[in-house]
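First chain A sits with chain B, and in the next complex the same chain sits with chain C.
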Partner chain A sequence: MKTPVSVLRLPRGPDPNSRGFDPNSPRFIALCPTTLSSSSSGRADEEEQRLRSDLRERFLRTLLSMTDKQVEFNMHEKVRVRARFGASDIDVLNFQVSDLETPLGVQREALLRSQDVISCSFEL
Partner chain B sequence: MAMRQTPLTCSGHTRPVVDLAFSGITPYGYFLISACKDGKPMLRQGDTGDWIGTFLGHKGAVWGATLNKEATKAATAAADFTAKVWDAVTGDEVLTLAHKHIVKSVNFTQDSNFLLTGGNDKVLRIYDLNKPEAEPLEIAGHTSAIKKALWCNNDQQILSAADDKTIRLWDKNTKESVKTLSFEATVSSMEYIPDGEILVITYGRTIAFYNAHSLDLIKTVDAPASIHSASLHPDKDFFVAGGDDFKLYKYDYTTKEEMESYKGHFGPVHCVRFSPDGELYASGSEDGTLRLWQTAVGKTYGLWKCVLPEELSSENSEALYCPPAEIKA
Partner chain C sequence: MLQWSDRSPQQWREFVNQEVCVTARDQQRFEGRVFTVDPVSASVVLVSFLEHECPSVKVILGHAVTDVQILASGTEETERRMKSLFLPDRTQVLSKEELKSRRENLHLWLEKNRVPVTEDGDVLRVASVLTISAPYGTGDCSCANEIILARVQSLVESIPGTEHTSLS
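Entry: the complex of A and B
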């Protein structure tokens, strides 16, 4: 019977919490400009960047203010569910919710796939 | 002392893997991109299969994926009617190119300045990546969905395979068809080897080799089962093929003899490609996994370690992972 070839370890799989592309990898550090000023963009780009930062900040603050509130999620396939919003992961791939009201009953803890969510609403 | 092949399984995809491509050899090694019906193409380190990142953005199955030579850019073709260009270092989406139907194939020119796309709307499109808002050059002619489109002959010509059972060679400047090859069955895959100008085509159970300039037939080889994809080793001494019976076959290119066959996948093999250094080949399957296979079984390379029998029982063997004897792997 032939001996199987040995391996040092198995290939590393995806990180469930992020989309990868480690900014600390040698390739990233070598190939990506580390400062914004290294690009020769004009005033218009800076203004666009400022607007983008504002929008991003507003989005993140919205997520923060949703914490522990009752939120109604509008999802694909005409699904509407309510739950208490917990948190989002760093790439906004999943939302952690509690007491998710589903036709099958109330799910104490659940993860909602953010790509399935069309919109959500809550009271401030 | 003959050894048994230990394929390395790369998991992470949740649906069938339908396409894969390697980059060239870069100062950071070489890379592999996989297209999957789950809509999330992944980038991996080519020699180990280690996951580097997932390109997020497509809203449908990804049918085609490719990397440029330097592995700095990636392109993907999807069922959401778009082709996307990505920064392969940061994972960011750089460009979305809207199409009128499912896009199946994407291919960069050697200088990464142009992207060729092809899909179900039967039209080949050439995008100038330095002028992305400009309208692409269109080449029409195929009478059914395009499966694969590749640059060839120093990026001066284009090879396209479609469901109309033809492969056509086009001149990119005149946009005209230079030559057409007709087949009895739909072509399942196409690989272009610039060094040597060889075209590898699969259809039915056949793996066929053509001269990429003249489209003259060099040779054909028949496999025991329907083949979905084949790849020729850079040194042109062997080729590998995989298809419906879940196995990977290795053939001697010169003698056309079947040398080995490997079981491992739990579903039909959709794509197989040799790495740029020829030391391994990767296969993508309906079972949602990619597997890496050694060309020279037993050689120390990547995660595979050549171990002499005495070493297996010595103290140094703790770092080694010996796969358990599988039930008829």
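Entry: the complex of A and C
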């Protein structure tokens, strides 16, 4: 299980023509101003924004404490894999991991799609 | 009730610090105390403190959550305990004398390295562009110039003696 395997497929790189953010990403579509209700008052927006940033900060701290730790990823069809967590992207769509243990061998670097992951667990 | 990922931040906030049981798409159940719900992906972060074991954290991705049931509510004590796991521990409080001796040691060390430094109350000022505030560690230097900052930081890090404990 510990023999490293050669790279089978390189992940798709970032779009070279854009400025970095993707207008088709689920996050942008969800938060795009045209979909926000115009009837909500300014005060309610501020409160919601404050809650969002508070929750997001806690989540970022969770990700921070997850870096470089052995994490077990629980995926579909009861597949469980272990890896060392590297990073997540801003929309939590992909996870970069190292030394991913798979039945084929150990992938030195890998990118996991978050839609494939149900949960991940680690110990502090 | 709306689907989990469609609920508002206010509704998610209601679950923080509560003991819950999360049901995932493949009928799996996860129990623990909610630390947070990510507003971007609706992912739930659960913390469990087990006897004689390290605290374990589970992150259940938002797209997989089907139901969240509250089992028990939390207290200020449980909130504080959870927070201490993730938030940086800045509880090392130094006494005035210790701070003074740290400041003076650093002052002497910088002068020895021919760095123009003056004391201005509780802070050290280097060449009137960089400030080092208590507790005078590597992370306490602030300056607008990157190069000066890097140089002074490496000096502060390399101070000889009992300055090896990291405070950040």
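Here is the rule we go by: the second predicted complex is superposed on the first by the 84 of 124 C-alpha atoms of A that agree within 3 Å, B and C clash if a C-alpha of one lies under 4 Å from a C-alpha of the other, contacts with A are read in each partner's own complex, and residues count from 1 in each chain.
By our rule, a contact is a pair of C-beta atoms (placed from the backbone, for glycine too) under 8 Å apart; a residue touches a chain by one contact, two chains touch by 3 or more.
Just so it is clear, the structure is predicted and the values come from calculations on it, not from any experiment.
Novice: For A:R9 in the superposed arrangement: first (chain B), second (chain C), both or neither?
Specialist: It touches chain B, and chain C stays clear.
Novice: Taking the superposition on A as described, I'd like to know which of chain B and chain C A:D91 touches: first, second, both or neither.
Specialist: In the superposed model, A:D91 contacts both chain B and chain C.
Novice: Tell me the contact category for A:V106 with respect to chain B and chain C: first, second, both or neither.
Specialist: neither
Novice: Can you give me the overlap between the chain B contact set and the chain C contact set on chain A?
Specialist: Looking at chain A, the two contact sets intersect at 27, 91, 115.
Novice: Show me the residue ranges of chain B that touch chain A in the complex, using the header's touch definition.
Specialist: 1-6, 8-12, 28, 42-44, 48-56, 59, 72, 89-91, 292, 294, 297-298, 303-307, 309, 312, 319-323, 325-326, 329
Novice: So in the complex, which bits of chain A are touching chain B?
Specialist: Answer in residue numbers: 1-15, 19-23, 25-28, 31-32, 91, 93, 115.
Novice: Which positions of chain C touch chain A when the two form their complex?
Specialist: 8-10, 12-13, 16, 24-26, 28, 30, 35-41, 43, 45, 53-64, 85-87
Novice: For chain A, which residues are in contact with chain C within the complex?
Specialist: So the residues of chain A touching chain C come out as 27, 47-48, 51-52, 54-56, 58-59, 61-62, 64-66, 74, 76, 78, 90-92, 114-115, 117-124.
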